[in-house]
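The structure's right below; bear with me while I get my questions together.
Lettered A, B, C, D and E in written order, each chain numbered from 1.
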Amino acid sequence: MATDATMAVRAGRSARGIGGFVIVTALTFLGLLAITFFIGRVVPIDPVLSVVGDRATQAQYDAARVAMGLDRPLVVQFFDYVWSVMQGDLGTSISTNRPVAVDLLRVFPATLEMATLGIIIGIVLGVPAGVWAATRRGEWVDQVMRVFALLGYSVPAFWLGLVGLAFFYAGLGWVAGPGRLDIFYEGLVPSRTNVMLIDAALAGDWTVFGNALSHLVLPASILGFFSLAFIARMTRSFMLDQLGQEFITTARVKGVPEWRVVWVHAFMPIRVPLITVIGLSYAALLEGSVMIETVFSWPGIGNYLTTALLNADMNAVLGATLVIGSVFILINKISDVLYRVLDPRSK
Amino acid sequence: MSPRDWLLDDSPATLTQANLGRAWRMTTALLRNPLAVAGILIVLLLLATALFAPWIAPESPVGQNLRTRLLPPSAEHWMGTDELGRDIFSRVVYGSRITLMIVALVAVISAPLGLIIGAVAGYFGGWVDRVLMGVTDIFLSLPKLILALAFVAALGPGIENAIIAIAITAWPAYARIARAETLTFRNSEYIQAVRLVGGSHARIIFRHVLPLCTSSMIVRVTLDMAGIILTAAGLGFLGLGAQPPLPEWGAMISRGRTFILDQWWVATMPGFAIILVSLGFCFLGDGLRDVLDPKQGSEK
Amino acid sequence: MNETPLLEVEDLRVSFATPNGPVEVVKGLSFTLGREERLGIVGESGSGKSMTGRSILRLIRAPGKQTAKTLRFDGLDLMAQGNRQMRKVRGARISMIMQDPKFSLNPVMTIGEQIAEALRVHERLPRRDLRARVIEMLTSVRINDPGRVARMYPHEVSGGMGQRVMIAMMLIPRPQLLIADEPTSALDVSVQAQVLDLIEELVTGNGMGLILISHDLNLVARYCDRILVMNGGEVVEACAAQRLHEASHPYTRGLLAAQPRMEETRDELPVLDRSGGAGT
Amino acid sequence: DTPDDVLVIAQNIDDIVAIDPAQAYEFTSGELVTNLYDRLVQYDAEDPTVLAPGIATEWEVDAEAKTIAFTLRDDAVFNSGNPVTAEDVLFSLSRVIKLNLTPAFILAQLGWTPENVDDMVTADGNVVTVKYEGDFSPAFVLNVLAARPASIVDKALVMENEQDGDMGNAWLNANSAGSGPFELTGYTPGQMVRMAANEDYFKGAPAMSQVIIRHVAEAATQQLLLEQGDIDMARNLTPDQVASLSGDDVKVETFPQAAVHFLSFNQKTDSLTDPAVWEAARYLVDYTGMTDTIIKGQMEVHQAFWPKGFPGSYDETPFTYDPEKAMQILKDAGVETPIEVTLDVINAAPFTDMAQSLQASFADAGIDFEILPGTGAQVITKYRERTHEAMLLYWGPDFMDPHSNAKAFAYNSDNSDDNYQATTTWRNAWAVPDAMNEQTMAALSESDPEARLEMYRDLQAKVQESSPIVIMFQASYEVAMGADVTGYVNGATSDFVFYRLVDKE
Amino acid sequence: MTIPAISLKDVDISYGDTRVVRDVSFDVALGESFALVGESGSGKSTVLKAIAGLAPEWTGEISVLGKSRGHGMDRAFSENCQMVFQDPYASLHPRKTIDTVLNEPLAIHGIGRRSEKVIEMLAAVGLDRRFRFRFPHQLSGGQRQRVAIARALMLEPRVMLLDEPTSALDVSVQAEILNLLKRLRREQGLTYLMVTHNLPVVSFMCDRMAVMNKGRIVEIAPKTALYDGGFADPYSRELYAASGGNPGAEPDMVAPATKDPA
């Protein structure tokens, strides 16, 4: 019933909304960088030492310090950094001696690959498990599912990783071991995306593909188990909310079959919060896979970031934070958009 | 009149009776939930272990004996010994104190912090909300372990600093929840009624808004305990948690991980302890949610 | 006309388990409803009206339990039906207008989809026919521009429209029995009359049975043939609608007297003596 | 399993910062430089304790004129196919001095500066003459020229890849341009290093056509990989893992190392300045308790600064764990106990275990350590700033000459805060007695080799007797490998890791 | 008395960009009971909220007891004017006992003898003392509405804003509340501004009424208009007719079904 005037007002609002979004996002990024930057400075590790090493002379030390720009005031350093980031330059990592952007292009796809397969496993198993448990609230299926999911909350990742390796790799030999590829396959396919499966598929080399998959399955399943736990729990709880609503009874009054009541009437409204949950746990997998990456010698961003921080390698820390922060913001943005698309109430 | 009737009385004569009655009703509801009971038992076990550690533990948690290192579980050492010949069972028992401290301090620091920030943002809305939530989002999108790592690195390693660091990373999630919840009732008539009788903003936030967020916060925090213990373990894994020789469970697992293939008990025993306690808190949290959540509980 | 009544209910009970033991909210209700008869159920809030309505469809939710000596619809023993058979009855043969459209419509499905669904689960129809039937139904509940409304979501329509959508949805499979639970409570007086006239028209037009639940005595008296007055889960009085103002039971009389009138002269309204203390 | 002609190694390589020989300064990068480059003279795979000809076939020392003339071999070629010429030698040596990155100080000791280096190193045909300034014994100079930064790089190739006047530094951090037994074919930081055999190596092509080093940080993962046969060699197993390795498929080889492990007391901490505390500390270390258990196979007892097995070492171990004696010493000196100090330690096995053992044994005599574990970078930062109290750390020589360690443990002529030195003495704020300073310098210039070594032994005895540095152990290194792997040579430092002779039977 | 208890002049109220109330002006005399009637969504509650200071975006002039209102909330105002909300289920804090709810206004205004005052007030609104320490969920809708009225009366205001105080209740409870309000007004000389869409309630409670439609006041009529249908505006007449008002009909009569069952 919107008149033209109110339509115009709405359009104006959404334009303001987009502008506002850009400004807010930019400010969030700036804040993110500022905090990361200053965290980097309070870390009691001298970044110069990472470059010149333990035995350098004072003169070499000072020279490196000046070369790294550390002699200038913090604020100047920060704005310089922001300025070069805006020009697309993330600087050079002092612990790998390479441009941070190059490093990130290498490590981020590795984590992305593992986390993506992980989240897929988590969704494919977690959502139906949660729905199922909700429809059988209080029955043994539900209890078992809850205990299982809670186990996912409680088991240390590296423990599960090592035990998984010992069992499935060393014991049963079902999967390939740590690393992304067996040594023979290393370098056989050109790395276009740095996502092994995609690279192998692009090159049409299915042996490499199979090997990469075999390496990927175990760590991804373990990540999947963690997200599964979270996703299943949240699904169950959302579903319980919906199943208690009056419109579910309305659907039953109409004689709608039970599967339709569950999967259409109850499930449709929870897609949106579920997407948010999945998005959050996806982002959490991206940043939180340090342990799994260490255990599986997976050259991913979690490891990269941790190593960089421990060496006070600020360009690398900032670059990686920027990437992870962008993923967070991107995921938030996507769930916002999906929210608008999927939930008519939000309009 | 039996005490039970007194508690369940529909028309309590005093405020105490009313509150006790409510507590009683919630307790009985909780006790009817088998998983919640299991959770309560585990948490009580943790408390008892922490309290009576010196009487329970057969040995000192720091007493080294390099000649009896890495012994498998046996009658003498129920959980075996670690790389410095210390009795793992004794260490796990004493470690419960540290775990309890982590859990309690984080609950005391980050839950209230998140609660207040979220409630203030949600209640005032507008630019206050935007600023506070902007800050929250920044903290939320900073990688969590990294933030904790950085704070520990800045403050120096040590268990207290690890706890503070974890608390600092935990509040944004609570703030978001508290804000979302505050939004749902900030325009409600009972809040407007307080404004109408002249109540100040501070009074409304502290006396009326916060109590409503608290119950779901309790639930969230108990659910998060598992995560908190594991984050502490993660910091321990990176060497930034408890200082040796403190028997912190996460640090114990982290030290034991190189032995996991041959002396499995070194990492696994404290691992079991963490799993048990996390499960305990999770079950309790689940149970509390069922009792406190008006949508699902018996209260209308 | 058929000999058997459309609905026979005998000793219907609904109970809930609470911390203080089970509570019966419908206590041994019995009545019969003839074909094309219009039965009104009145009573104060919490007296068990909605529970009665739901239990006829066997839709009491989990902590609640229902029992009945007889619950027979058109010769079919509803208590003996499995879930699958009940689904065939629901919607197609008995349907129910739910009390509050704000909560009773699926918020993420369009109105058209929801109405069409009611039809589709019982009949296979080509999509175009389905759409035509939906539009037709919306038109018959006096909704202007039904094509547009069919594409709207529940939150986009006003309370009155929501009520009418609910009615359309429940009437589209042409049930033999319609249970209307406070179909007009969300509406103000002017809309109320329109909606009720519409139901009345459809009831008479299609020859269905009607159970109208409300706490508004005047309303029930105006639209029904027979009235059951409920209090605390029991029927305290049953009478013909025309004789409502002659009702003898003190509870019924109390309800009648408590209503203010348009030309009020009393200084104080008489109130019911409520020593039982049934809370809400 | 691994291919027959490829050696696959699992190793923690995330310490690598740079692999340009003029910049490389970490353990792992040292190994790479050794296998990718040659020096004029070098310790070689056949016997890593003997200084052998490298690019130079012979050399002539003129101690008076302070010059050494090297005659270059004519069969050495770079991986690029270019022959190794005197031109390349001059370029390589002066490049290190001109770039002046960390390891430059090793060559700079010879009195070379960016201004004079082109005069100090000169060539005539295939004879390169090296001049040095200062009172050094020629033995010392040869040791310096055998060190990592003196590696010879391919001038033509390097200068082709120069960017912004960096003399190819950036390019060399991702590629190699040497004449060594291997050529770098792939390097991904924190992930893997791949080297291919140099078929034209002047000492003969290596048996392995490729060496692949995979970054595996987790020791347990290395163990699994080795037991599965997916790698040939695990470089970072702990002693307990080594002890539990079973089966005929794997074997363990042990290599004595030059690094010494010590406990030191910062003299800026008042409670640690009393020599009685230093002495008591020497009786409070449970030497054999540790070497029999937590560091078994990883360290052995050694109490002097120059490692056993090298010319000039001092192998006396007068101290044993004796808490009574320590208490007596403290009591006699009237030291007030308890003394509470922090102990910084690198947060990794076995250091934290060692720290805990020290904590327990020192507590007997009333010295209470509060252990502060930290990452390597964190600990070093603190150490460099002299803000620690007690420190548990190790020291490896920069090059294989006793002076390298004598300077670190027995020399500190200026203890002031702004005279920053990378030595153990300065970092612990220990003002070394003048006599000892003088003796260190005298040993450096002593030209009689035997007398020189004797002077170093004497210095070691003095440091052992009284200093705030308690040297406890000498490292040894256990490498687990497939039973079929032979010919792996691992000398006393990471600079002496050779893959050239490795074969798989 | 010449000063009106409530006076609105040319008041426009909007939520964001939509203006929901336009050009509203009326006066309520001291001691009078004035009704606002009209269809759902016409802006009745909004007018009350603006007077109470709960709807910040308005223009025009509002004064209460001669003092003109600012846009915020102030203490002095709260002592003079109070409001009772439409939904008794939403107007009480779910985790506070009745005692706490009633104590709060006294505590805010630093008034002493609280305990006695609470007991007095419970008696005044006809609630037994045993309800004092109950929580809202232990009360019925009618009882809750009494508590809400008691809370409003705690500060002894002279003007009460009542927003459909009985529409959520069934007839028997409605009667109790209406009786209570009428008695309190008589005993304490209160001024009521009451919103409702139930004309019989107006007939029972009020002296005058304003009929609102689509955000405007279309007519202000005396109570007697309800007896004879003497409304001038067509919308008012429609409303009156839909409420079953037909001039001259017998008051007691319940209209029977007129349609013939088929």
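Heads up, the rule we're going with is that a contact is a pair of C-beta atoms (placed from the backbone, for glycine too) under 8 Å apart; a residue touches a chain by one contact, two chains touch by 3 or more.
The shown structure was predicted, so the numbers you read here are calculated from the model rather than taken from an experiment.
Going by C-alpha centroids, which chain is farthest from subunit C? Tell me that one.
In terms of C-alpha centroids, the chain at the greatest distance from subunit C is D.
Looking at chain pairs B-D and C-E, which one is connected by more C-beta pairs in contact?
Taking the two pairs in turn, the one with more contacts turns out to be C-E.
Relative to subunit A, which chain has the most distant C-alpha mean position?
E
From the C-alpha centre of subunit C to that of subunit D, how far is it in Å?
That pair's centroid distance is 89 Å.
Report, in whole Å, the distance between the mean C-alpha point of subunit C and the mean C-alpha point of subunit E.
31
Rounded to a whole Å, what is the gap between the Cα centroids of subunit A and subunit D?
40
Listing for subunit C: what residues touch at least two other chains?
none
What are the residue numbers in subunit B that touch two or more other chains?
Where subunit B meets two or more other chains at a single residue, that happens at 153, 156, 257, 260-261.
Where in subunit D do residues touch two or more of the other chains?
Answer for subunit D, listing residues that touch two or more other chains: 218, 220, 224, 375, 378.
What residues on subunit E touch subunit C, complex-wise?
These residues of subunit E touch subunit C: 39-41, 138-141, 143, 169-176, 178-179, 182-183, 197-201, 203-204, 226-227, 238-239, 242-245, 251-259, 261-262.
Would you mind writing out the residues of subunit B in touch with subunit A in their complex?
Touching subunit A from subunit B are residues 34-35, 130, 134-135, 137-147, 149-151, 153-154, 156, 223, 226-227, 230, 233-234, 237-238, 250, 253-254, 257, 260-261, 267-268, 271, 274-275, 278-279, 282-283, 286, 295-296.
Hey, which residues of subunit C end up touching subunit A in the complex?
Interface residues on subunit C, with respect to subunit A: 54, 57, 59, 61-62, 83, 87-92, 95-96, 98-100, 103-110, 117-118, 121-122, 153, 155-156, 166, 169-170, 173.
Within their complex, state which residues of subunit D touch subunit A.
Counting only subunit D, the residues touching subunit A are 2-3, 6, 8, 14, 17-18, 25-26, 100-102, 104-105, 170, 173-174, 186, 188-192, 194, 212, 214-218, 220-221, 224-225, 227-228, 230, 375, 377-378, 380-382, 384, 398, 420, 422.
In the complex of these two chains, what residues of subunit A are touching subunit C?
137, 245-247, 249-258, 260, 264-265, 268-269, 342-345
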